[in-house]
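Please go over the structures that come below.
Note that subunit A is present in both complexes that follow, paired respectively with subunit B and with subunit C.
Our next item is the complex of A and B:
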């Protein structure tokens, strides 16, 4: 029997921009509100991100079970795995949907890639693109499909801005110019600054403020 | 005498063959090295001619007598709309895939292949096979899925086998290129040199019965198991 589709959140961004840590920060906030998430982590050359999230979120914090964090190799083509040929991701997610139908959300982390990353709509219902200030304040202005078309732009590591000569007002101005009315959030994942806002977007724009499945059942 | 309609049908089938063998077709094969990555990380240097011989071994002792034969049998059952017999081949080839990550990759590719084609084809047996996979009565390994798809597209059985063996060879050569084991012209030379083997393996295996399915490539099994146990890797298999 085909399982019902569980809302899917895609998170993409360049190598080192903070995709994994963003997930490590938003999952506990969602869990505190009763929402259960599963994670598929696409990695370019290792399973390190999946192992780290499994250790942190499952083994250490006990927020989810260890088998709900799945690592996926991408043959060196991270963008292909989430856009042109998402078949391996879709297959794994469909297996999760039939095994863990109580999940409220499945998060798909793309392997680190360039600014053209986007998610196939067949794979993800909502797309967060994350950049960090250390790449310079030119990043939003440079556009690229990821920055332009994502549902939510996250600008991470804002505490580093003064140290790398990045001007947040320029990044904000350019994000508005490039994205129009579409939202962006300034985040410092290390301290948790901005994480609540990101989570609010997820609950409102992907989960449509429906109650967690475990709550709705009782 | 062939008519314009016949020619058009054959041309369409040829185009479908190209479509299925194109690396752009979404089956995730770009993410599979079939164990080659384990050889690379073992530190062993492989020349183009050694890679060619390695792929030949895969074709002659693993993919040919197992997957190619399964494809041929599955194609006949699909052509006769015999779902029960199709499910027998499905189980047989699934159980012959000894390494879990190879088995998982085969059924994930096969399942997505069937679903993709069902989204634009109303072929009855393909729909029934997809329903059987969704219902847990079938696994959906790639050779069976490709046979059902080829039948739906009116691609002749032998040509379907060529598609499978060619795609398999390209996925390994592609992995070798991405791992930096050989250069792009060398990759095309290897594929060209594999053509006679692909044709020979197809002819030798496409019409054998289910009882005749076999595989014996223990070194390759060990390489694939080694890959499964690697902590850090770029490829699914």
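Our next item is the complex of A and C:
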């Protein structure tokens, strides 16, 4: 019998934009509300991000078990493994759905620039694209698949804005112009600023404000 | 929040639903969920209808939503899917193709569009495919310059539902 499908959140963004830390911040907030998450982290050759999240969220904090953070070395541009051919990711996720049916959410992380990154609708139900201010305040108006098509745009490292000459009012104006009614959030993952808003979007738009599952962990 | 697990039919393919849609529409009882082509392939999403109804879609994996799909119908409400119109290039193949061009013209067009990883829609002698900006039309006029006697290239904005027998990725 096919396992029940678990809601899937894709998080994409350029290298160094803060995808891993965003996950490290939102998973504990979700866990505090009773939601269990599993993580699949796509990278080219290393599994460094997965190892880091496993150490932080599982070993150190004990929020999830170590086997719920899976590193996938895609061997090529990781964005292709979440866009053109997501079969590797889907295979892993279906295995997780079968083994860990108590999960409320599966998070899929993948690097990728703003021009090319998006998640196949067969893979992710919701897509967060994250950029940071050090790319310059021109970033949102330069558009691209990631910025335009994501369900939630996260603009990270806002504390660095004055140091890199980025004007947040310009980024906000352009994000509104490019994205219309679709939401964006300014975040400082280091301090946790904006994390609650991101989590609210996840609970409302992916989890449909359903209560956490009550299935027992095996 | 209303949860929808499946579609009932399509107003453009089911005469009875079409009739009911027209009747209810004239009484302002119809509302729609507007989604883009990418979202049409999603099986889980939460949307607000044109009248503000909060709707959660949890469809069977593999479901593709289509323009005009009916999500719900009751005495006082019908909710349908509305696909966002897209910017499209239109290549119209003229009827002046002779036998010696019969392979060259269509294969050249197909090769060029395929190389750019664009999905297509065929309608008679017209080929539609999505473009990001109108300025792309000039690029296609250059690409197809040697075939210009046989083609008319323009752009339009309309709902785009690509051919489904070709499973193409795009970017």
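Definition applied: the second predicted complex is superposed on the first by the 210 of 218 C-alpha atoms of A that agree within 3 Å, B and C clash if a C-alpha of one lies under 4 Å from a C-alpha of the other, contacts with A are read in each partner's own complex, and residues count from 1 in each chain.
Methods note: contacts are C-beta pairs under 8 Å (C-beta built on N, C-alpha and C of every residue); 3 or more make two chains touch, one makes a residue touch a chain.
Model, not experiment: these values are computed from the prediction.
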- Query: Taking the superposition as given, does A:7 touch the first partner, subunit B, the second, subunit C, both, or neither?
  - Reply: second
- Looking at the overlay, does A:147 come into contact with subunit B only (first), subunit C only (second), both, or neither? neither
- Query: Does subunit B (first) or subunit C (second) touch A:30, or do both, or does neither?
  - Reply: neither
- Once the structures are superposed on A, label A:106 by its partner contacts, choosing first (subunit B), second (subunit C), both or neither. neither
- Query: Is A:44 in contact with subunit B, with subunit C, with both, or with neither (first, second, both, neither)?
  - Reply: first
- With the two complexes superposed on chain A, say which partner A:84 touches: subunit B (first), subunit C (second), both, or neither. both
- Partner chain(s) touched by A:166 [first = subunit B, second = subunit C, both, neither]: neither
- Could you tell me which stretches of subunit A are touched by subunit B in one complex and by subunit C in the other? 84-85
- Residue ranges of subunit A in contact with subunit B within the complex: 1-2, 44-48, 72-77, 80-81, 84-88, 90-92
- Message: Going by the contact rule set out above, which residues of subunit B touch subunit A in the complex?
- Response: 24, 26-28, 30-33, 105, 108-109, 111-112, 116, 134-136, 175, 178, 231-236
- Item | Footprint of subunit A on subunit C - complex, ascending | 1, 3, 36, 38-46, 56, 61, 169, 171
- Partner subunit C, residues of subunit A touching it in the complex: 5, 7-8, 83-85, 116, 118, 121-122, 125-126, 145, 149, 204-206, 208-209
